[in-house]
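What follows are several structures.
Shared chain: chain A. Partners: chain B in the first complex, chain C in the second.
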Partner chain A sequence: MALAGRAALIIALLTTLCGITASLYGARRGRRELVEVGRRSVYALAIVLTLAFAILEVAFITNDFAYDTVANNSSLTTPLLYRVAAMWGSQEGSLLLWVWLLSIWSSLAVFLTRNRLREIVPYAVAVLLGFGTFFTAMLVFFVSPFVTSSPAPANGAGLDPLLRNPSMMIHPPMLYSGYTFFTIPFAFAVGALITRRVDSEWIPVVRRLALASWMFLGIGILLGAHWAYYEIGWGGYWGWDAVENAALMPWLIATAFLHSIMIQEKRGMLKVWNASLVLAASTLAIVGTFLVRSGVLSSIHAFGASTLGVPFVILIAIMVAGSIYLVVSRRDVLRSEHQLDSLFSREAAFLLNNMLFVGLTFVIFWGTFFPLISGAITGTESEVGAPWFDRYTVPLAIALVALAGIGPIIPWRRATLANMRRNFAFPLLATAVMLVLCFTTFGAGSSAPTVAFLCAAAFTVGSIAQELGRGYLARRAMSGDSPPLALVSMIRRNRRRYGGYIVHVGITVLLLGIAASSTFTHTAFVNLGRGHATTVGGYTMTNVRPTAAIVNDPTSTGALLTLGVVVGVTHDGRYVTTLHPTAEYYPDASGAEGPVGSLISGDAVSELSLDSSLRRDISAAIDAAEIQSALQPEINQANALVARDGSIGPTKQTELSYYLLAAIARGYLRHPPSAPLKLASTPLVAWLWIGALILLVGALIAIWPGPGAVTGRARARYLARVAQELGRA
Partner chain B sequence: MAIVLALVAVALLLGFLAWFLGAPLRAGVRLEVTSESERRVLEAARDAKYQEIRDNELDFRTGKLSEEDFLAIDRGLRAEAVEILHSLDALR
Partner chain C sequence: MNRERKRRVRLVVCLALALALAGGLIYTSFSAAAQALTPTQLIARARPGVTYQLTGTVVAGSVRRTTNGVLDFRLADRSGGRRSIFVQYTGAVPDPFRVGRELIVTGSVRGASFIASPGSMITKCPSKYSPAK
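So, the complex of A and B:
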């Protein structure tokens, strides 16, 4: 079937080229039937790539090690769940996932706009198929997932243990959905600029597409953070890693765009800015893909060195140059229709918010690419660490949280002193209460950024609560509905506004979780002997006893040996929880560490044990490498024992090796070494994930299409009112 | 045998694609007239204006606008909506 897979990729490449030609020629010559061929090429691409995807997925599920990618990323002992996900653990498999998702989302966008934006769609289709051409060409000419070897190896190398996490099933597809979705607003923006139709019909379409991209990428980023939090080796939920940053940058620019497009929609302003933002967000999404795949920057998430760097640089250069040309050459249609009326208006608040988002993105861009910049200037690559990022991003994030509260309560065009007094009083009162709480709880010596953040958060929550309350009262007064019905109908009638407000609350809660957990966390790195205890953040943590398992690892990731300890946690003498941190050891196929040592000298992963609640998380992790070092004398002894009796055959040798490994595990249980533990008590982390859920709910409300019947009724009513005004005029 | 099966599958796929992509050429779809596109743009502008009128009203009801400001903005928005309706009528 590898031949069919290869053929499918070539057919996919030809389909994209056929579609681009048909779309562009059809648009130029006014040949609608050719435009339709272009549109159908997007669907055809999705069908062909689904076949290629299915062929490779079947190879992974059935352990067909004739495929090089299956042999390198899966094995007979890899559980089915991870065999399915192992496909995107490799460069070539994940590239196929990328282009497959691109074809699926492009098909959806082309289908939803089948009766709209008639002039723009052919060019958008050509751009989308252009991306399809690029990525299928990568798969055909550079990194084919359908390369096979004969004879096929009996077993594969297995999936990287760090990737053996249930999040592997959902995080990469979500993140790639975000990245690929960003090509769609880009394509529609390019189409609109080419045809000079940056008009009222284009705005809602591109806004909704950008919102969907923003939502998918946001979910992808948050799932990644969640995954990282549970894999202690990755250093918490955010590490300012190059690849993490690369995903955050387009998301931040898209956030700026989602705000500033409202100014264009309402006031006909900032058209150049908006076109630039939507093009920049998509270009940054491709930069993110480039960082993962080129190996240009070191990252735990990247695929390492590859030959894909140059083609990606060319693609990015084309996107940047093309975007600049289009924006500059179309400046006549991008001219503002109005001027800013006042600095005290929602437009001004959004403008400031845009500058902060772009500033934040620039800081992250600079920090991410600093190794390359410093390498180019000084010849030595230097990295900036988390404190550097925190120094610049924290003040910007605080200002953005405050603006998330100001935006909803300040009117469009101009705010008067009277309405500012009326609207700012309650949020400022909430801020004052928070300030007093901060000083009474943390004292005068409390961290200034934390207090500033908590005050900004209180302002925003106060502002949104006031908006929701007033909207609800207005709705009740107008309709006389029952309280729950009034609330639902208030949101239903203005999904964008209230969905947006809910997103603001979600972001504030999420940042609250980040601020509290990073400021007030208590962490201890200790070596605890059996029966010994230590205190972390007021919790007494005791090494109760060791644990060991062979083959049947508790997390079902295929580890041969799992060692750990049971940690009892008490607070003021009262039982709180019991933690089970473990270290998982995987075999090394090279056999370099001897017959017994090689059973566990592959990758070693620390599995975090966590007790989570709304108030705090208590966690324990064990240092896998240090435990392995402590057991090294026994492993050497076992290796020597197996090697001494050279007359036994390979099967007996394997049996003996496993027997001796079991003996080592029993020895660990009888005489455990001091457990090298990382123990932590972190407050309010759960609120990070709760904030993320609120954010998702808000985004879904904002993106959901309005009910047609209601719109129709409202339209009729407004038509009548507008006609009435006409009569008076 | 596997190679033959793969070749048959590829041939079937190519046949399907030729049929699927060639359908519009066989049907001969005509290009939409320009006025239809103009109408869509104006309808989108009208909907956006109605939304703006609604937002303005909600801003007033939630205390972000004084009555004087609300009425001034409302008048302006309705006048713009009327212009759009005029243009739409002219296209019909």
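So, the complex of A and C:
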């Protein structure tokens, strides 16, 4: 089967080359049948890569350790679901996942545009297949996932226990979907620039493709943040880590693009800027892939040294040089049709929004690459650290939140005083109320950024609520629908607009969660004996009793021994919740720690126990290594006991070892050592995830194609025009 | 002032503003940055009172937990240099912490030891992306 897999990759490589040739030649000579061959090559690539992907997955599922990648990343004791996920735990497997997703999403895009953009599609297909060539060539020539060893090892190394988390199933595929999806707007932008068809037919297509990329990458980022929040030592939901930043940069640029493309759509302005943004977003997505793959920057995602750096640098250089050439050589078709009428207009608000997003990206770019930059200038690599990032990103984020409220209510072209009074009164009232609340009730008055953020958030929520309310009342008055129906039909009639508004609310709520949780967290590191208590952020936390379990539990994580404590939480004497922080210990195959010690001296994982509510999260975690070291005397004793009875034979010895481990666990229950705990209470962090869900809903509403998409769009444009005229009258 | 002129002035003002901001940003990045050093580099050139980011692997047999919640260990270069530095650390210890693992701590030098700021320890995500052979 490995041979079949390798053959599939080579066929995939040939398919891409054939498709590129056919598409380009067909487009130049106007040969429709060749263009069709190019399109079908994309589907063929998806089929062949699906085959390769399936072969490797089957090898993982059936524990075929003849494959080196299976032996290195999976094992007999790895549970089934994690065997599936272990496939992308390696360099070669994750590259295969990457190119497989690329082929799937490319096929979707090519299918959806089968009757549109006839001139652009051949070039877009060629670009997409070009990315396919690059990544399949990597798999064929540099890191093949189908390398086998003979004889096959009896067992594999296993998936690292830290990665045995349900997030491992979904976070990497989502993030990679985001990254790969970004190649599609890139391809269509390149196609449009080559054919000089940057027109009103192209805009909605590329806008929707960019929106889809933006949504996938956003989900991927948020899933990663959610995972890191639960994992101890990963720096919480966001740590300004290089790999996190790498994913955020294309997302921010795509956000800027999704706003400024509207100006091009409505007013024919900013064409050079938009083309540059969409090309830059995709290039940054490849830079992100490169950072993840190459290990050029140090990161908590330690991907090790790799030989893939040089090909990636070449690819990025080609993308940058090609983009610049295309934009400069096509500047005649990218000329602006209008000029900015007034600084108090929606165009100007969008422009400012774009500058802030680009500025934010520049800050993050500089900070992320600072180790390389400073290394080149001063000779020593330096890190700027999280406080430096916060210093710039916090004010920019506050300004962007305020703009998220101003943008939807400021009119196109030129705002008049009457109009300002009509639209800004209510949001400003909301802001004033929030300001008063800040200094009276919330006690947030001491922190200027918090007050500024809360006021901006109140303004935005007020502004969007006003817009939704007005639309709703108008809809009800017009149609006489029942209240819920009126709301649904209002949103359905202008998905883009209301989807966008919902996204604005989502991001505001999300940032509210971040602002509150990063400013007002209480954390304590304590050693709590049984029955002892401590107070964290007003919550009294008591070590109630120890827990221990010995299970060979292959359906969940596969840990042998689990130790923990029960933590009771009260507030002002009232029961709040009970937490069960545990430490899971995995066997060490090398046996270096003696017969009993090796049963638990492999990897250890602290499982965070979390009680989440809308107001706060309370969490407890136990230090796995410290508990283990507290038990070390007993473990040494047990090791000596087994070694002394060397005559009883290996089977009996193993039995005795397990028996002694059980005895140690019982000893832990009877005389528990004082528990090394990390306790925390974090306010409002749940709103981060709620905001993320609102964001997702908004994005889905905006992206969902309506019935009869074309006529619907035409009608929406007409209605928008009418509404605009009415607004002006 | 005619329209074209006005536009040009606006553009120049905006560009100047952007450049000034970028300049400030770049300046602060150099002053705020903590040098990222390996144990060998740290021993060679660390000055007291300066914050450094130290990256190294935990030396076998060096890990000791004292009663007041302080974790002591020695860090050596990833490349396996013979020199190592004594590190004192308090706060959350990430799970992958153990002998031979690579980790990052931020802190400053006092005497011959490195005093890590509480909670600054980061272990690298253990994805087994090994270097291609």
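We take it that the second predicted complex is superposed on the first by the 669 of 729 C-alpha atoms of A that agree within 3 Å, B and C clash if a C-alpha of one lies under 4 Å from a C-alpha of the other, contacts with A are read in each partner's own complex, and residues count from 1 in each chain.
By definition in this document, a residue touches a chain if its C-beta (ideal position, glycine included) is under 8 Å from a C-beta of that chain, and two chains touch if they have at least 3 such contacts.
Treat the numbers as computed from the prediction; the structure is a model and nothing was measured.
Aligning the two structures on chain A places chain B and chain C side by side, free of any clash.
Of the two partner chains, chain B is the only one that A:Arg31 touches; chain C does not reach it. Within the superposed three-chain model, A:Phe141 lies out of touch with both chain B and chain C [touch as defined at top]. In the superposed pair of complexes, A:Arg391 makes contact with chain C only, with no contact to chain B. Of the two partner chains placed by the overlay, only chain B lies in contact with A:Arg414; chain C stays clear of it. After superposing the two complexes on chain A, the angle subtended at the C-alpha centre of chain A by the centres of chain B and chain C comes to 140 degrees, rounded to the nearest 10. Judged by the touch definition given at the top, the superposed model places A:Arg116 against chain B, while chain C stays out of reach. After overlaying the two complexes on the shared chain, residue contacts for A:Ser200 are found with chain B alone; chain C is out of touch. Once chain A of one complex is fitted onto chain A of the other, the partner contacts of A:Trp704 are absent, as it touches neither chain B nor chain C. Closest CA pair between chain B and chain C after superposition: 22 Å apart. Counting contacts by the rule stated earlier, no residue of chain A appears in both its interface with chain B and its interface with chain C. Considering their complex, residues 72-73, 89-91, 94, 142-143, 157, 160, 162-163, 231-235, 239, 295, 298-308, 339, 355, 359, 362-363, 366-367, 370-371, 374, 380-385, 387-388, 391-392, 523, 525, 527, 603-606, 621, 623-626, 629, 676, 678 of chain A touch chain C. Taken in their complex, chain C has these residues touching chain A: 3, 7, 18, 21-22, 25-26, 28-30, 32-37, 41, 53, 55, 65, 69, 90-98, 102, 104, 106, 118-119, 121-132. If you check the complex, the residues on chain A that touch chain B are 1, 3-4, 7-8, 11, 15, 18, 30-37, 40-41, 43-44, 48, 51, 116, 118-119, 197, 199-201, 203-204, 265-266, 409-416, 418-419, 422-423, 467, 470-471, 474, 477-478, 494, 497, 711, 714-715, 718-719, 721-722, 725-726, 729. Touching chain A in their complex are the following residues of chain B: 2-3, 6-7, 9-10, 13-14, 17, 20-25, 27-32, 36-37, 40-45, 47-48, 50, 52-56, 58-59, 61-66, 69, 73, 75, 78-79, 81-82, 85.
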